[in-house]
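Below, subunit A partners subunit B and then partners subunit C, in two separate complexes.
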Partner chain A sequence: MAEVILKNVCKIYEGKNKVVTDANFTVKDKEFVVLVGPSGCGKTTTLRMIAGLEEISSGEIFIDGKVVNALPPKDRDIAMVFQNYALYPHMTVYENMAFGLKLKKVDKKEIDVRVKEAAKILSLESFLDRKPKALSGGQRQRVAVGRAIVRKPKVFLFDEPLSNLDAKLRVQMRTEISKLHKQLEATMIYVTHDQTEAMTMGNKIVVMKDGIINQVDTPMNLYNNPVNKFVAGFIGSPAMNFLSGKIIGNDKLSFKSNGGSIKFELTANQSKRMSKYSDKEIIIGIRPENISIEKPNENSFPVEVNIEVIEPMGNETFVYFQLDGIQFISRLREYENLFSGNIVRLFIQVERVYFFDKETGDNIN
Partner chain B sequence: MKKYLLYGFLIITSVLTLIPFFWMLGASFMLDGKASVFPPVFIPEPFSIIQYKVLFERLNVFRNFINSLVLSVLVTLFYITFTSMAGYAFAKYRFKGKKVLFNVLLSSMIIPSQVTMLPLFLLLKYMGFINTYMAIIIPGLANIFGIFLIRQYCISIPDSLIEAARIEGATDFQIYRKVILPLAIPVLVTLAIFSFLGTWNDFLWPLIALTDDSMYTLPVALSNLMLEHTKDPELMMAGSVVTVIPVIIVFLVLQKYYIKGIMMGSVKE
Partner chain C sequence: MNFKQSQTAAYFFLAPALSAIFIFFFLPVIAAFIISFTDFDIYTLGNFSSVRFIGFNNYIKLFDDPLFYTALKNTFYFVIVAAPLSIAISLGAALLLNSKLVKFKAIFRLSYFIPVVTTLVAVAIVWRFIYHPKFGIINYLLSLIGIAPIDWLGDTTTAMPAIILMSVWKSFGYNMIIFIAGLQNIPEDLYEAASIEGASGWQKFKSITLPMLAPTTVFISIITMIGYFQFFAEPYIMTQGGPLNSTLSIVQYMYQEGFKWWNMGYSASIAFVFFFIIMIGTLIQLKFQKNT
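Presenting the complex of A and B:
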């Protein structure tokens, strides 16, 4: 297994379309790194550059300490699992898994051992003689993973492998891939647009937007300390609520939203950090779970809201309402006596409020 | 009711289409003069294979049959090889001038083949290929119709299949041979049928390019026969049967491979 390093990697199409800008990150040996971001953010292009399927416009990619910029995919010792499985329809599951090894002229007995071993890991033993069309979506995806496993590559690349599966199967495969990572102790790079997949699977997450890496961090750090408004809004489900307003006061600072529906005093610590934003427009961010119906502590401020929609999930309830004309969502513990149209008082924890620069979107907390 | 009318119509048109065929088959097993009667007779009485004996023993049609067979098989093999390679390249490779080259090739479809016969003849004469198999094989190596058909089919093959093979270590030729060709079987078979039938049935070009009796293909040899034996319709029909049977066999054998959903299950659309 190996380390993958990207140094100032750029991808420019037709001399002008910059789809990846200065990508820098390291995937350590045996690490599971997830590239996440909205569609068109350049995550798949980055993965394809690591695979050698796209040329690099500038920068360097190292695999196992060697620059691989000029190496064709087959010489990079990587395996890739595609979003659409990319199984050879004219070959059986066995032949699909053995194809790469046959090309490498690996001994037949060795091929047989490796294919059967992978089939066992992925519970595909009874499907080895079937063609892909006779398999379900989940089984096909497992064959695609098996095809990668048998080659024992240095790095596994996954390009949104679960996005074609239904929700239940996706959760199941998610765990299976995580288990596989532990079992194989392999270096894995995984691309997804689904932040839940990113949070649950990765040791480290690379958040991308418009071809630029916004933050590289562990899942919990991303959640608790997002570097900017984009990362804060992208990580977490339901997403963080945002509201524009102004910092007012001199020593003891307060925040007042533009529409006037929120006004609260900042904590002493927050005031210290936010002093240079006095009298300036900023954006605050509040996670849905930091809005509660019971007062959690003294450092909380109340808001009167008119409930628009209630979404009971069983173990929790999502409550939708408006503040300053902006849709807010709060995640409450089960409340059977809440109904849409109710006017209730909710509490927001001040120390859990995030502050973002209005111009740059940077986290200024 | 509508269904019955439709079936009735289909049965009648099928019978009308098959009548000349059955008459040809019947007449080929008749003795001289038995076929030229009115109303036409379909069942040979007595049944005789004399016409076939004359055809193969006296007129040596076997040599022409072999010419046709060898040429049709060779042309088909070369045609399939070259059109599939070109079609695949036009569908999946990025190279300079691809669009222009393809459009130029496409535009050549509007030129009638008869127009190219004289320059083609002169070219092959200059190369010394007139009256050899090469005179038939070379012009049949590839055409834009085949390239276009394969290209369209290859476009529907997902790039990820090719990329997966590339990552697994396949060379360009291995991808073509082990991934693309097996997937393109339905369209290759369709083209093989077209090519085989086209070469087997072609009359004009072999007539121009092959000048020696021993090099004639079946249609050319039969047309010569017709001039010599205009009063032997039974012999003519035996010649026609010999010409038509291989075509029917090829079609029946290959028709099950006609374009079908072979791609099913490869990728999730």
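Presenting the complex of A and C:
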């Protein structure tokens, strides 16, 4: 197994379209790193550059300490699982898994051992004679993973492998891949646009937007300390609520939203941080789970809201309302007696409010 | 509406199309089949009552006719050489035009396809000039390297290869377009997966392109085989079946018997024997397709 390092990696198409800009991150040995971002953010391109399927415009990629920029995919000792599985339709499951080993001229007995071992890990033993078209989506996905496992590569690459599966199967495969990571103790790089997948699977997450890496961090750090408004909005489901307003006062600072529906005093700690922003426009961010119907502590302020939509999930309830004409969502614990049209008082915890620079979108710490 | 009524309605709507097919397809085929058991000839055209049913006599005569066997042999020669050649060339051209290395693809695609849409008669006349022993460009080019002129269409050994070359040139563009469509249907990620697994260009071709193209190839083989079995205009225009019947094809022989000597009954029997030969060829290929 091996370490993967990207140093100032760029991808420019036709000399002008910059798809990936200065990508820098390290995937440590045995680590599970997830590249996440909205579609078109360059995450798949980054993965394909690591695989060698796309040329690198500038920068360096190291796998196991060696620069691999000029190496063809087959010499990088990697395996990749594709979004559409990329199984050879005319070959059986067994042949699909054995294909790479046959090309490497591995001994037939050894191929048999490895394929059967992988089939056992992935519960594919009874499907080895079938062709891909006779398999369900989840089984095909497992074959694609099996094809990667048998080759015992240094690095596993996954390109949105679960996006073609239905919701239930996706959750199941998510855990299976995580288990597999522990079992194989392999270095894995995983691309997804689904933040839940990223949060649940990765040891480390690389958040990308418009070809630029915004933050590389552990899932909890991304959630608690997002570097900017984009990361704050992208990580967490339902997404963070944002509202524009102004910091007012000199010593003891307060925030007042532009529409006037929110006004609260900052904590001493926050006042210190925000002193530079006195009389300036900023954006605040409030996570849906930090809005509650019961007053959580003294340091929280109330807002009167007119409930527009209620989404009961069983264990929790999503409540939609508007503040300053902007859609807000709160996540409440099991409230059965709320209905749309109700006017209720909700509480927001002051110390859980995030502040973002209006110009740069940076989290003000 | 019950099932029977809806079935009647369905036939009612199908009637115009079915009657056209019946009148213009089944009726002539049935008529020809009946004629093949008669001595229908030029006298019959004058006096229809002179036609006589002669049972299998036409068929019996056919299997004793040396010219029929010559035509059959020539036709098989043509199909067995020209069809694989055409398929190989069209696949090669399709692979080239589908590769990322080639530029101006549209121009190449167009120029390879032009012969397909050109009238066969015009093409055959032009090629007759190309093959001309005195003024043809081929002999001129050969003369530059000191090779004596060859009478391409006048020699029994070169006439058929010359016709094959022209036919392949004329028709490969059609198969090429179908192959290109087949190639474009192969998902790119299969090649990418194979690259990662260490496959060379040849291994990718052998393990991905060829098997993925199998249905296309079988389809092309069948239509090419059927088309080539029926070759007629090429020898008719270029050699009239000569020299010494070395390019006489079955269809041409059928045409000669039917419209030169007016032996319609005999000609119809050739058509039906030929129909069975093509059908067997097609069945063999379909069987092959099922196995792939």
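Note that the second predicted complex is superposed on the first by the 364 of 365 C-alpha atoms of A that agree within 3 Å, B and C clash if a C-alpha of one lies under 4 Å from a C-alpha of the other, contacts with A are read in each partner's own complex, and residues count from 1 in each chain.
Definition applied: contacts are C-beta pairs under 8 Å (C-beta built on N, C-alpha and C of every residue); 3 or more make two chains touch, one makes a residue touch a chain.
Quick caveat: nothing in here was measured; it's all calculated off a predicted structure.
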* Once the two structures are overlaid on subunit A, check if subunit B and subunit C clash or fit side by side. => clash
* Asked: In this superposed model, does subunit C or subunit B come into contact with more residues of subunit A?
  -> B
* To do: Applying the touch criterion given at the start, work out whether A:Y88 contacts subunit B, subunit C, both or neither, answering first, second, both or neither.
  => both
* **First, second, both or neither for A:L53, with subunit B first and subunit C second** => both
* Asked: Between subunit B (first) and subunit C (second), which, if any, makes contact with A:L135: first, second, both or neither?
  -> first
* Asked: First (subunit B), second (subunit C), both or neither: which does A:K74 touch?
  -> both
* Asked: Looking at the overlay, what does A:R151 touch: subunit B (first), subunit C (second), both, or neither?
  -> both
* Asked: Touching A:F99, do we find subunit B (first), subunit C (second), both, or neither?
  -> both
* To do: Would you tell me the residues on subunit A in contact with subunit B in one complex that are also in contact with subunit C in the other?
  => 51-53, 72-74, 78-80, 82-84, 86, 88-90, 99-100, 103-104, 147, 151
* **subunit B-facing residues of subunit A, complex** => 51-53, 72-74, 78-80, 82-90, 99-100, 103-104, 131-135, 137, 140, 147, 151, 164
* Of all residues in subunit A, which touch subunit C in the complex? -> 51-53, 72-74, 78-80, 82-84, 86, 88-90, 99-100, 103-104, 147, 151
* To do: Flag every residue of subunit B that touches subunit A in the complex, lowest number first.
  => 158, 160-161, 163-170, 174, 178-179, 182-183, 262-269
* **subunit C residues touching subunit A - in the complex, by the definition given at the top** => 187, 189-190, 192-199, 203, 207-208, 211-212, 214
